[in-house]
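Order as written gives the chain letters A, B, C, D, E, F, G and H; numbering starts at 1 within each chain.
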Amino acid sequence: MDWEREARAGVAEAVLCAGKSDAQIERIVTLAEAMGHRLLLTRLEPARWEGLDAALRDRFDYDAMSRTAVLGGLRPQVKSAVGILAAGTSDMPVALEAQRTLAFHGHNATVIADVGVAGLWRLVERREELAGFRVVIAVAGMEGALFSVVAGLVSAPVIAVPTSAAGYGVAEGGVAALNAALASCAPGVVVVNIDNGYGAAAAALKMIQPAR
Amino acid sequence: MDWEREARAGVAEAVLCAGKSDAQIERIVTLAEAMGHRLLLTRLEPARWEGLDAALRDRFDYDAMSRTAVLGGLRPQVKSAVGILAAGTSDMPVALEAQRTLAFHGHNATVIADVGVAGLWRLVERREELAGFRVVIAVAGMEGALFSVVAGLVSAPVIAVPTSAAGYGVAEGGVAALNAALASCAPGVVVVNIDNGYGAAAAALKMIQPAR
Amino acid sequence: MDWEREARAGVAEAVLCAGKSDAQIERIVTLAEAMGHRLLLTRLEPARWEGLDAALRDRFDYDAMSRTAVLGGLRPQVKSAVGILAAGTSDMPVALEAQRTLAFHGHNATVIADVGVAGLWRLVERREELAGFRVVIAVAGMEGALFSVVAGLVSAPVIAVPTSAAGYGVAEGGVAALNAALASCAPGVVVVNIDNGYGAAAAALKMIQPAR
Amino acid sequence: MDWEREARAGVAEAVLCAGKSDAQIERIVTLAEAMGHRLLLTRLEPARWEGLDAALRDRFDYDAMSRTAVLGGLRPQVKSAVGILAAGTSDMPVALEAQRTLAFHGHNATVIADVGVAGLWRLVERREELAGFRVVIAVAGMEGALFSVVAGLVSAPVIAVPTSAAGYGVAEGGVAALNAALASCAPGVVVVNIDNGYGAAAAALKMIQPAR
Amino acid sequence: MDWEREARAGVAEAVLCAGKSDAQIERIVTLAEAMGHRLLLTRLEPARWEGLDAALRDRFDYDAMSRTAVLGGLRPQVKSAVGILAAGTSDMPVALEAQRTLAFHGHNATVIADVGVAGLWRLVERREELAGFRVVIAVAGMEGALFSVVAGLVSAPVIAVPTSAAGYGVAEGGVAALNAALASCAPGVVVVNIDNGYGAAAAALKMIQPAR
Amino acid sequence: MDWEREARAGVAEAVLCAGKSDAQIERIVTLAEAMGHRLLLTRLEPARWEGLDAALRDRFDYDAMSRTAVLGGLRPQVKSAVGILAAGTSDMPVALEAQRTLAFHGHNATVIADVGVAGLWRLVERREELAGFRVVIAVAGMEGALFSVVAGLVSAPVIAVPTSAAGYGVAEGGVAALNAALASCAPGVVVVNIDNGYGAAAAALKMIQPAR
Amino acid sequence: MDWEREARAGVAEAVLCAGKSDAQIERIVTLAEAMGHRLLLTRLEPARWEGLDAALRDRFDYDAMSRTAVLGGLRPQVKSAVGILAAGTSDMPVALEAQRTLAFHGHNATVIADVGVAGLWRLVERREELAGFRVVIAVAGMEGALFSVVAGLVSAPVIAVPTSAAGYGVAEGGVAALNAALASCAPGVVVVNIDNGYGAAAAALKMIQPAR
Amino acid sequence: MDWEREARAGVAEAVLCAGKSDAQIERIVTLAEAMGHRLLLTRLEPARWEGLDAALRDRFDYDAMSRTAVLGGLRPQVKSAVGILAAGTSDMPVALEAQRTLAFHGHNATVIADVGVAGLWRLVERREELAGFRVVIAVAGMEGALFSVVAGLVSAPVIAVPTSAAGYGVAEGGVAALNAALASCAPGVVVVNIDNGYGAAAAALKMIQPAR
């Protein structure tokens, strides 16, 4: 682990649990506690969480929907200039991963749910609230039309997070939404990998950090 | 050529010029004239049109933007219940291919241009006009967000025509727009092949034909 | 949920269960009942259905083959002008999803099964029956030859639904059938996403709705 | 060049001109003439043919449509048990490459043109003629529905040759037709590479050769 | 089921169990028995076979390695002119599916195992035996080099069957082997879908059937 | 054209010349001049520029390397907090498109060239200069390793722009670099479409605009 | 099994357990023991290992992390000129498969872990140690930037092994890392298939073998 | 340019002309001459070479087939331990790019042409010569079977270079050959990017350099 990254780069390294064995995760946790570091775990599926050692679990704040676990407590929260939009119910886990990552760094960000473009007025109605954000994280799967529509409504940069959960057929795996984000006709859209709520939050944190 | 298709199926067979040699095209035209048939040629690029025999060209009504040529004249035009939306300037050739195909069959369809979602209000402003169409053909490239937005605004079926002209990078060839159309979160969207303005018009004609 | 969609656009929003958690589904159902709305659930696998709360299940009409559940009862059924063709045994779940969606909206549609093109005469024999439909939904996997063959036989628009169930190798996931539908040489074929029986029915409903 | 291949394996090696320089082609021709061998050149585009040395061209029988050139004359032709079907006008160059390859080996094969499935009866009408072939080569682009339909009509093996000429959008390059051939629901379909008329003819020759 | 296919086309229709429910399979079996037909089931995984009704299983000859089940007994076996080559251990299930399909139709075909090209001499040593086949079915995964090597050694047509079992990374799913077969530099190679041992046998049967 | 976009969203709409005809471009220019608007044209290839009307060209500031043309002059330039890194010589056109877009909006941004990772020290040496940027635009093709390396060195957000110019084989079209950017192990990387220098600059402008 | 390969080619054939049945594996082991051969098994997942016959397992040295099992003991180990770098925790199984393969052949190779490019200094600090290797095996997933960075730091050839474990979204399956390796801007990088630690070790052994 | 790379890493940086403008190339050449450096240019197409300044061309040794130009003369040549195999005529340009790159560094390497696997004996006959190489570069397109066959015949490492020239259909662009190389069943095959003769030579140079 790169313990100095938060001091150096403004964002702490998270532990991506997918692709790591239980033994590897426990070793990192032990090391973090020994060194007195806080820790953010991502992609920690509920079934796997249940299988971890109970003593270890007691020391974490776990959230099943976002599949994230925090060791060492959150920081005091300040109202964040980052807004998070989620197109549909299936996009909530990724939106919450972004929200929890921001919270880990002390930012209390608003999530606005169910603003998919098939019901456009739900988004248009909240235009004033959107105007208050300095960065918008937009989370959407399927055809990803939300990214372009939001970018046409706000002057803030839009970080598009394509999702894979509700996609089937050509949308399977989130690639259709990813390509829609990259191909967006609206300037100001930047993109992170599919389902990468953590990455979107990390980039947002860097965008709103005070000049050094 | 399947000369009876229009009588049998309500839509005439068109001659797709791409993939055919000049000699093959001229043979079909000669045959059509000998048999007294009208003829619609599609995908006939201006440079190629210029290279065809002048006497042959005189007998056609050619339109460079839509790359279509009509032999034997249009039918008397009636106001069509089909509306055609084009997201951007680069989508006009495909939108006009659809319009000319409808005109060949006697339908005078309206084209509404420049209604891309980055400027959403241009579309929302014309909501009443959109409500008058029984079928909407939506033509868009890049990320194809128009398809979902339109389908959320109208009760008519939406035929999505993805386009390739303005696409580069992941949007090259129109595949990002195609997948966005297929993956649309708005029910009622059906899709034809990339740049297939003729196919969209053919399907629209079948949708609005009187019950037999 | 967009409860007003049926009134506004002629088709009710369905709940796509894939990609949603049990808790999310139950919350939507509770809300629908509280508001007195009927509800259509799709992609609800039998194993998952069995795991839902028994009291909740009692209030639904569930069909395992089509993986659909209806809350609040079907509407009175009228004979529909929509015909549904299924190429093979493996295509039946998707064909029935389309049929149940039509039934939810009050349309009693005929399903014609086992009309794959390897036995062409089975289709040709029913040509007269086919001629009576105003819209044909064709459901096929593997190489999807059915779409083009049907479109050559009828004057109605054909909504092609590619399926994934029987596909392996290059046909895995239904992409070969999808591309066959989009590339069809027969005008009048429009396409929805792989396995999207609900989407095909929604589009068909919009095509046959009376002019407003 | 593997001059002994015809004696050893029943099919002569052809010179695929695409990917070779003019100098390389001329060197092979010179060598063939010096050794007294006949030679079949494929994929020799008309523009390139025109640019070759006139003296060299005089010694060849060139056919522009099939882009093939024969050195040393054809063999005496016998009526072949191989039938070649072409779905549309754009498929003729590939069908003729197969026909010319068979002719180079002494087989006079019939080409049946314009039997695409959008006009199914054109194919069904010729069912008796089809029954006389021991091997059928089916040449089709776009969605390649012809392969499955033919295989359902004949008891002979069907060699599917997908083509690229008329394909655009998802059919570009012939991949949709290729996958349709491989995914065919009709047993007895075998497949060669896109546009590979020579390969289809080579395989057909091997299938009909007398037992050794 | 198309019960007349064997009489009409020389090859019986098989029941592809993947993609069908247990109820659907049992219905087909019942129907076959009622009508006195023999039946070949393919892609019937051992775990699924074990789960079927014991009484039903008693009436079948099941082979776990090839995942095939035969109802009604094999035909008297004659020595076949078809040879089957398998590159490695992982290719055996597909090779045996081809062998069992041939046996169902009365052909006793030889399988030559472990002749992958990394040990070329194992193949070259059996060159004389190979020369005795009128059709060769070559089964290989990974990079599929066997197809080209075999086609260079024999004058018979080679039916390439790419396999997916041993492939990982770029070879996952068998696509690398499939493309190698289609792109083969050796004329006379024809190809069927990945893992399609049944299809290869069906095509071989058509190639060796006596002229009608 | 959406003339109000700069006022509304902080970034002016540019005219993407690829995919538009000469007539369409000239119409937009005429309109802009009539309305007194400045205009930025992108993807205007030198050969095409030379073919435009000379009188029209006189009114533009054209730069061949970046393929951009500016109508109406640049704004007074202020030193920008945006830094632009280009990995190699072939990446310069895209880097300059970003620089010119920033200049159009009044930002004088530094381009640091030839800092590809094969010579890592060239980048490490300039670490202090990099630390001064509030946003870094990194432009790279081939394998796109620059994106991750830069993001590990700076605390600013990194906008990755994959390029297509030097790529061949698996890098053709820039997709390898695009995927490397999206898959980056370094948090804080956001991505725009391949070759989209304009889009990167637009996003950077939004990131550094003062809070409203 | 090709028992002579080690004598002939310097590297023993390994048994890739994925894609083989338990019965097939046990047969190979029995044969090896009967002939007195040592044996290396790869891709033998822990769950599957646990299911094998206990008596058989007793005769093996199994390592769960690398999923390898050795029959017949390792050779005496000499310090190897091959160095193995692993970018992250998830890359360790593949790095250890390479290390164990080298150990099976008598080479004791060093693994340097956690040298991903997001923390560049960890790699740069060990530059002297890197200079001592005659061949470097670099193991990395996600965006694979390590390959180019290492190749810029050492004069030895670099064998890139892309991994799939930590990849999701566009990095799923390891393809992004694979393409990054192939597209590397640093000369001297050669590549093996995704997750192919055995193949990388085999190639390294061939590179450092004494001239014959 | 990284002028120190040859001293530092044993291989000089080459100038990849594709993707660079004429002005950019001329600037690099001028700089090299001013500093007294030798220079290797690759991917310099004949038509482009003819268009360069005549005075500049006089100072180069240009080879049209390999599309390489050398400034400053070759080094004294020693017999190289590297052997280069080319499967077919179309693979020669890439094989010669590798040979010229080796010659630039003082190595006189043998090219063995026309050893494609369809004529296996041509390769087997030269087995003794092959045994003398310490590194083999194998160049092949289409299905790339040569890579596996060669690796089964020699104990040296095999650097596979897939080529794109003769490929069409599924082999277009060389991807089928690339995947065949990566998926090879023969251990000891390592791979470089499609058409990358320079990269293969660079890796070979690093493999045979004396230990430092």
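In this section, a residue touches a chain if its C-beta (ideal position, glycine included) is under 8 Å from a C-beta of that chain, and two chains touch if they have at least 3 such contacts.
Quantities reported herein were computed from a predicted structural model and do not represent experimental measurements.
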*asked:* Please report the smallest number of touch steps linking chain C to chain G.
replied: 2
*Could you find the chain whose CA centre sits the greatest distance from that of chain G?*
B
*Which of these, B-F, A-B or F-G, makes the same contacts as F-H in over half of the contact pairs?*
B-F
*Mean-CA-position distance for chain D and chain B (Å)*: 34
*Between chain B and chain G, what is the gap in Å from one C-alpha centre to the other?*
55
*Can you give the whole-Å distance between the Cα centres of chain A and chain E?*
49
*asked:* Centroid from C-alpha atoms only, then distance chain E to chain H, rounded to Å. What do you get?
replied: 41
*Could you list which residues of chain H touch at least two other chains?*
118-119, 167, 169-171, 175, 178, 182-183, 187, 193
_Going by the touch definition at the top, which pairs of chains touch each other?_
A-B, A-C, A-F, A-G, B-C, B-D, B-F, C-D, C-E, D-E, D-H, E-G, E-H, F-G, F-H, G-H
*Could you pull out which chain C residues touch chain D in their complex?*
87-88, 116-120, 124, 142-145, 147-149, 151-153, 167, 169-171, 175-187
*Flag every residue of chain C that touches chain E in the complex, lowest number first.*
65, 89-90, 92, 118-119, 141, 165-172
*Could you please specify the touching residues of chain B with respect to chain D in the complex?*
2, 5, 13, 16, 18-21, 24, 28, 43, 162, 164, 173-175, 178, 193-196
*In the complex formed with chain B, which residues of chain C make contact?*
8-11, 13-14, 81, 131, 134-135, 152, 154-157, 159, 178, 182-183, 187-193, 198-199, 202-203, 206-207, 209, 211-212
